[in-house]
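There are two complexes below, and they share subunit A, which is joined by subunit B in the first and by subunit C in the second.
Right after this comes the complex of A and B.
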């Protein structure tokens, strides 16, 4: 009886939590729409004039374009129609590619950047945790110092410098991999390495710190007093508890990887969301820039939500209280 | 009586500082031996030494721990691991932090059976349920699935006892298992430990600073001061006629019911720190009966007492 009501209460709590969070995300996105739309009104340059180029004398064409882009209507009307479009996944028309819907411009990049970030995350998390655990178990030894040295090195070298070095080494000196471009698996190797190294290094250092802390806990002494084999003490009892604080950092790292693709895509000339955003900024293709900003806002909100849900899965103490 | 564990000349150091100065004692089969002393006297270090679980900073520098025919200090780490939790089990002072917060109580007990006896998860959980019942956990079926934070301190200590008794060990080392609990819960846990001990015939090494607890559970006791045993004997004889001035003071400190004192008795001064033990008898600066010899020459443990004055009388 008591059990059943507890279950029902839990379920209600979960629904309340989900509703609150989804409402929060919608609110954040609305604010992002207001801000990006507002910012657009203050940027210099008339996009229609840019679009017209040398046909700028053609008044009739100008009027037709203004109507097509909805720029002839009052600001509030433009905003309402933009907001309505966003809700339907329609971000309007691109300025740079005349009469092309923004969502078509985004399609290629959307299939690349989030996937690149996700693959980098999936690879760097186990690698980082593995390295951190390796170092923590050998605390104070040469192996630990060496691992930490490599990890510090990995964090200290800037991304673009490492990129030049890797390209020189593996594409020029020993031509194993292509210098740039996108489409073949070989072309994904260097960009992924560049994304993975800093993420892995960061996770590795955190894992070592958290694990050394957890290993001092009383329940680790209990696990040893039970006569558990050392790998069970480390992986089952200690590492499992580091996952709780680690999941926050992993969320942040995922966010970092998503924006990290901006640099990597530019270096390797990959047609992802990052290069698209940068080109669109230079081409004053504001509808595309706005769409990218909104997409990233959505990504970050979802990552945050994901981390919070993960907390509940990883730590039974959080399950009920949230 | 047969000795289950024979500790001889056990010495433990933290770096250059010796915290256990050649401890000798036996634990007999089926008995409860209490180790009594103030914080810092070396009683917890003694307990952890039995499990070889002192941690990185401390080291057993010499001595032997003969346990059912072999020296625990001679065992490899893997052989020692098979002794832990199987032949010697341990329960700790802090029931709040001694259980892993992310696993259920049932799983943490079942683990012992899986590790040492190759139980399947299902069989181990079934045995865990029986153990929960034995240690008086109400609604054991549901408590198996409870996480530590859902249990009270007393319940958690019962889970720890169930975990320790899962493999029916020959020796149970209990490091102040009741200190962190409410008085009423303390009494319940003590009663449970007595029950468990008589049911399995397990020997218990019981570490405490509480004379009341000693009186209620122990057969014999060792009194430790500054890394040494200063007196040993049966609980009855030591309570009746303590010979070492320190034991006398300790017993005088414990207030008892039916006795109203104007002032509670205290031992003046502080227990010395291991890096600054006084010469001669380590207790002499705090001792009201000290004679000249006490500051000059360290007494040895003779006929159960380490004291020049008591030895002469």
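Right after this comes the complex of A and C.
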């Protein structure tokens, strides 16, 4: 009887928590829509005149384009239709490619960038945890100092600086890998390595710190005192408890990876969303820029939501106290 | 433990000091005009007249490297100054006044935290147009909430301190309480936090310039030099490699210095 009501209360708390988080994300996305819409009003230049180019004297064509792009309507009406469009996954028409929907311009990149970031995330988590555990188990030894030194280097060298070293070594000096391009597995190696290194290094440092903290807990001493083998102490007792605080950093790491795709795609000429957004800034194709901003904010929010919910699952204490 | 015994702080301090010296003396040390185009020196290899070689327009890489250090540090210091003024002011007001102001400031900070930082920078660059102003504005926009949150929490913990109560009961004006009693007591942790941020601000500036959204030609920055150099890695690697080396050195220096300062002020953190 008592158990049932406790479980019901817990379940209610979980739902309330989830609802609050989802509401928070809806709010952030709404702010993002307002921001991008506002930015579109303030960007320099008249898009229709840019589109017209040589035919800038053609009044009829200008009026037709203005109507097609909805720029002849009052601002409030434009906002409502922009918001409605975004909700349906329709980001309006591109300024660079006349009469082409933004979502068609995005299609190629949408299949590349999020996948690249997710694959890098999935690979960097175990690598980082492994590295951090390696260092923590050898705390104070030369191996620990060396690992820590490499970790600080990895966090300090910007990935495009690292890129020039790696491309020079592995594509120019020893031509193992292609210098740039996209399409073959070999062309994905260097971009992935460059995305993985900073994420792995970040996770490695956190793992080491958290693990050293957990290793001082009483239950670890108990586990050792009862004669449990060291690797069981680490993997069954200590590491599991470092996963909880580690999981809260996944959001930040994914955010970093999304930013990283901009750099990596620019270096290696990968036709992803990041390089598309940069090109679009220069081509003054603002609807495309804003669509990428909205999409990346959405991905980032969804990962953060996922992490928050995961956090509740991993740590029963959070579930009960909230 | 004195600061000089901390190996990280010393290495970091030396690197930062060296780069700062180069940045300050840069214009006098530079052997050439950083803008001077010399078609006979296009992609000249390092050595001889051009110690670090020349770039695609025959401009002296060493001169551009030195001026680039100045630009990087200048942008970083401007961002830091703006961030500190906005962050500390809003943090103090938010923490001390509380209520609606507090809620508004902290919600605003939450919303900014909800965006990946480069995304905000791209939004700003789109509106303002790529350039130095866009870099400073977007980085300040992204960095102030962190400082505001820290300041707020420090103010909150001081607000109930006895000496603040004493000042309030003796009728000290609020502005004076904030400036004379609260601010001096929160300055040190904020300074450490700020020093930890410099490396990342420099990295962010370089990233934006690398993407072409930051400092524009003909003014040199390491980020843009790496972008120009990466395309020529196969034949003329010196431009990208020297600029990368400079950037990595300065970021490593600031990160080491920041780590060292933190350990020095909070010895508990270093024992872990």
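Annotations for the structure displayed:
Basically, the second predicted complex is superposed on the first by the 322 of 322 C-alpha atoms of A that agree within 3 Å, B and C clash if a C-alpha of one lies under 4 Å from a C-alpha of the other, contacts with A are read in each partner's own complex, and residues count from 1 in each chain.
In the analysis below, a contact is a pair of C-beta atoms (placed from the backbone, for glycine too) under 8 Å apart; a residue touches a chain by one contact, two chains touch by 3 or more.
Here the structure is a predicted model, which means the values were calculated and not measured.
In the three-chain model built by superposing on subunit A, subunit B fits alongside subunit C with no clash. Taking subunit B and subunit C in turn and counting the residues of subunit A each one touches, the greater count comes from C. In the superposition on chain A, A:100 makes contact with neither subunit B nor subunit C.
When the two complexes are overlaid on their common chain A, residue A:31 makes contact with subunit C while staying clear of subunit B.
By the touch criterion stated above, A:262 is placed in contact with subunit C alone, subunit B being left untouched. By the touch criterion defined above, A:293 lies against subunit C but remains apart from subunit B after alignment on the C-alpha atoms of chain A.
Of the two partner chains, subunit B is the only one touched by A:219; subunit C is not.
Once the two complexes are laid over each other on the shared chain, residue contacts for A:229 go to subunit B alone; subunit C is not touched. Residue contacts after overlaying the shared chain place A:241 against subunit B, while subunit C stays out of touching range.
Contact with neither subunit B nor subunit C is seen for A:184 once the two complexes are overlaid on the shared chain. Measuring only between alpha carbons, the smallest separation of subunit B from subunit C in this overlay is 13 Å.
Annotation: subunit A has no residue touching subunit B in one complex and subunit C in the other.
By the touch rule above, subunit A contacts subunit C in their complex via residues 24-25, 27-28, 31-32, 35-36, 39, 42-44, 152-153, 155-158, 160-165, 167-168, 171-172, 179, 209, 212-213, 255-256, 258-259, 262-263, 266-267, 277-278, 281-282, 286, 289-290, 292-293, 296-297, 300-301, 304. Across the interface of their complex, subunit A is touched by residues 110-111, 114-119, 122-123, 125-127, 129-130, 199, 203, 206-207, 210-213, 223, 226-227, 229-230, 233-234, 237, 240-241, 243-245, 247-248, 251-252, 255-256, 259, 272 of subunit C. Across the interface of their complex, subunit B is touched by residues 3, 217-219, 221-230, 232, 237, 240-241, 244, 314-317 of subunit A. Remark: subunit B residues 51, 53, 81-86, 89-90, 92, 94, 97-102, 111-112, 115-116, 142, 147, 149, 160, 163 touch subunit A in the complex.
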